[in-house]
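Chains here go by letter, A, B, C and D, matching the order in which they are written, and residues are numbered from 1 within each.
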Amino acid sequence: MTNTQVTLFQIDNYGPWTVTPEPRREADLQTLQSRLYADISQFVGNRDGYVFFTRFDNMVAVTNGCSFEDHELLQESVGNRYPVTLSIGVATGTNPVQALADATARVQEAGSAQDKTRRECLEGRVIEDGHRTDDDVQIAHFDVVNATGQYTDELNAFDTFIEIEQGYAELMRHMRYAHDSLSFFVGGDNIIVVCPDLEAADYEEAIHHVNDAVDVELQVGVGRGKSAHDAGFAAKHALETCRADGTRVELEF
Amino acid sequence: MTNTQVTLFQIDNYGPWTVTPEPRREADLQTLQSRLYADISQFVGNRDGYVFFTRFDNMVAVTNGCSFEDHELLQESVGNRYPVTLSIGVATGTNPVQALADATARVQEAGSAQDKTRRECLEGRVIEDGHRTDDDVQIAHFDVVNATGQYTDELNAFDTFIEIEQGYAELMRHMRYAHDSLSFFVGGDNIIVVCPDLEAADYEEAIHHVNDAVDVELQVGVGRGKSAHDAGFAAKHALETCRADGTRVELEF
Amino acid sequence: MTNTQVTLFQIDNYGPWTVTPEPRREADLQTLQSRLYADISQFVGNRDGYVFFTRFDNMVAVTNGCSFEDHELLQESVGNRYPVTLSIGVATGTNPVQALADATARVQEAGSAQDKTRRECLEGRVIEDGHRTDDDVQIAHFDVVNATGQYTDELNAFDTFIEIEQGYAELMRHMRYAHDSLSFFVGGDNIIVVCPDLEAADYEEAIHHVNDAVDVELQVGVGRGKSAHDAGFAAKHALETCRADGTRVELEF
Amino acid sequence: MTNTQVTLFQIDNYGPWTVTPEPRREADLQTLQSRLYADISQFVGNRDGYVFFTRFDNMVAVTNGCSFEDHELLQESVGNRYPVTLSIGVATGTNPVQALADATARVQEAGSAQDKTRRECLEGRVIEDGHRTDDDVQIAHFDVVNATGQYTDELNAFDTFIEIEQGYAELMRHMRYAHDSLSFFVGGDNIIVVCPDLEAADYEEAIHHVNDAVDVELQVGVGRGKSAHDAGFAAKHALETCRADGTRVELEF
């Protein structure tokens, strides 16, 4: 049974900061957001977790393998090197959406995202080392069937992008409401989904749903593991099987 | 009349590179993609352009102010510092979507995105300095009305994200098909749109369309300028007027 | 008794890479070197180690707290995100210079720094968790007495720099030959030295030596700990005591 | 005749910031310093200038090709993305040391490096485009003859480092006092020197001086150009001639 540890990273008072005393150059905000995300991705990724850029001022991570002290250290390091600070909520559960809801509540209880005084709150719980198992995380790695041939080499870059975004928007809603899962676009034509204990039939159904709804054809590799990296790496290998064999759903467990 | 210079940056052979000889750690791919984007944002942004992360392996930019030699230098610098290289297409036009289509075609003609041999192509045309005017670029900066109060401080972080993604997916399609415009989510609850010569009525109509379709309420500030930065900065100021006055559409020209 | 774990990071085949097929832009090499160093500093620093930029193509680190698997992961991550790769040697000992000599030998035995075929070697030994003690690392943090008042606000920036470099060059040689210690300039007017079990008299003697030799007046804070961070943080606090009390040598143990 | 435009970048109030309210993690300071330097290297380097990390809180650059507005933009961009700010002085002259002295004075007159209130001063003069010539900058690129064979593959990494540092410390002093030149270690075994109009005999003399004083054998390639990049690139090519032909001084003009 899955036991996902989910962390929400929220930049403190970011909206007001971006326009005080004057609006800041957009290119600088983009650079700041991307590099902050990249740093968190390295820190969490080095501990076998995954971070998703999400909205950049709010980033969602699967942090099985990161201790409470790890979260504290990351928060301190960011505070030392950026002109902004992070508030953090951590929670765990068999249901990834519920875990994220709990993590979000931890931060919301500490104060508004635009609260002038809320800075660097850190609340929540992690899974103790002794309680971790190889089933804790289930990751599904979707991509668009033959995106390069069908879209990238054929359409203009924005129309390709629209197709992928429509596919993502449909999948994200379906996986959240039908399967309590959290879906994240990660670049190219790839979507990584954090799932509870789903089965092949659930993935087949999701793929049909998206194809019917927006005419975008997906395939998926699914893996399980003690951490997001372990599960995700297995999922990547399963996806290679889809590519090699022409199948649409492959589970590496 | 707008005359948008659009550049497409496409990483050469990225799909295969990410799985050769074996799939690479996802956190490292995320870090690479984000930092590459951040570097391009700085280079183009320092010349008053805007770059949008788009799909990360394909990035769209408004590069009025960047010469052909600037594009060459950026390509060389990336090749010196990253394990991947960029191919680049540049085009101009009164219609941003058409300009991007032309830029895309330049790259597609040089070879597939997964062509083993296509590396660092650079094709296209820029607007010569002497032909630039203060009307060349029109930027609209949308955000969600009171996102913090309605969503961020109330819903779990994924449900807030879903709302914003649905709003973005609807706006991007509408602006592309109804108004030949290119829309990009830039973090938080912000969407920046690259437009041809649109008027207040067009923006009001777009806002109503999105509200009717997905029940997400947007407001917008619009600016014009010689470069994306000039137009976008004016748009940011116009958006502050919306926030201060409670209006939904403000044009800073 | 100190038991320093020292790691040497050496970029594979860097000299030839920088000029093949043609010399690369110097500013790009500087950016690459600095960002690679920064990444290693974060990785090792997050595990309570210290890395020193040293010559950038060869970097020395105190890695008590980093396991062999940590070194492997860092090597893999760099290989995924940079156009160069690292070879690594790790060794331990009561004598920091000897430990570095052993770490260097590990890399040298695998092949020349400009060996076309040597890539990503990783050899050596770490201190097992169960064998670590609070005395393992001794760090001395030197700075120039009143550098700002005497130099930075008074001389031109290069003459200030010369003074600090001369002080560093003298201290580095003295500490290596008289005290088996490794000294690194870390910016500003700061020099961090990795020492075996030295005593107050050794530091007083070193300070007099440098003052006599090159007329640069140093002060020093010294700390001990299980890791470079623990020892170095104690050293920083001891240095604050020098600043507050006007003393020249303070040991925080 | 050379006409070097020199810029001094000085972080405002850095010393106090690093210890307020408490000393900050050393690894974070190293990361911040290196990444700030890398960003400035990209910005200035993209405009054909060179920046040298120098003391990291004080960085010296040759900025022929950077306008006053470019300096302003860099300062603004850093202020948007870092927890520290920069003060900047720019000056020009036939004598690089004098130009740096003038640039330093500009910053010193605005206030102390540890002045609580001095923030983001920007003072000085640049060379107008119409006054630039192909002789403005002379760059000499020194390296140690066969460093890899003599040192890197033979000695322990610190003893190699000592040799190179001693060579650098001697060259920097000699070039400054005998030849009004500014010397900077740039990694590996490389030293880049910013010179006025020197001739082959001056370089031969400098090489003999260093060899006699500290027994380190250098070779040098020298170039001239309109910018640091142009001069430095020619110098790199001249250095390749030294390596290929076994000569010690090569001038690419």
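The rule is short, and it goes like this: contacts are C-beta pairs under 8 Å (C-beta built on N, C-alpha and C of every residue); 3 or more make two chains touch, one makes a residue touch a chain.
All figures in this text were calculated on a predicted structure; none of them were measured in a lab.
Chemist: Between chain B and chain C, how many degrees of rotation does a Cα superposition need? Round to steps of 5.
Modeler: About 180 degrees of rotation relates the two copies.
Chemist: Can you tell me which chain lies farthest from chain A, using the average of the Cα atoms as each chain's centre?
Modeler: Relative to chain A, the chain with the farthest C-alpha centre is D.
Chemist: Quick one: report the Å distance separating chain A from chain D, using the average Cα coordinate of each chain.
Modeler: Computed value for the inter-centroid distance: 43 Å.
Chemist: Would you mind pulling out the distance in Å between where the CA atoms of chain B average out and where those of chain D do?
Modeler: Once rounded, the distance between the two centres reads 37 Å.
Chemist: When the C-alpha atoms of chain A and chain B are each averaged to a single point, how far apart are the two points in Å?
Modeler: Each chain's C-alpha centroid was found; their separation is 22 Å.
Chemist: Can you pull out the residues of chain D that are in contact with at least two other chains?
Modeler: Counting only residues that touch two or more other chains, chain D contributes 25, 28-29, 31, 35, 42, 45-46, 77.
Chemist: Chains as vertices, touching pairs as edges: which of line, ring, star, complete or other describes this one?
Modeler: complete
Chemist: Within their complex, state which residues of chain C touch chain A.
Modeler: By the definition above, chain C touches chain A via 39, 42-43, 45-46, 73, 77.
Chemist: Help me check something: in the complex, which residues belonging to chain A touch chain D?
Modeler: Where chain A meets chain D, its residues are 24-25, 28-29, 31-32, 35, 76-77, 80-83.
Chemist: Tell me, which parts of chain A touch chain B in their complex?
Modeler: 8, 10, 14-15, 19, 23, 25-31, 33-35, 37-38, 41-42, 44-46, 49-51, 53-58, 60, 97, 100-101, 103-105, 108, 112-114, 148, 152-162, 164-166, 168-169, 172-173, 176, 182, 186-189, 192, 229, 232-233, 236-237, 240
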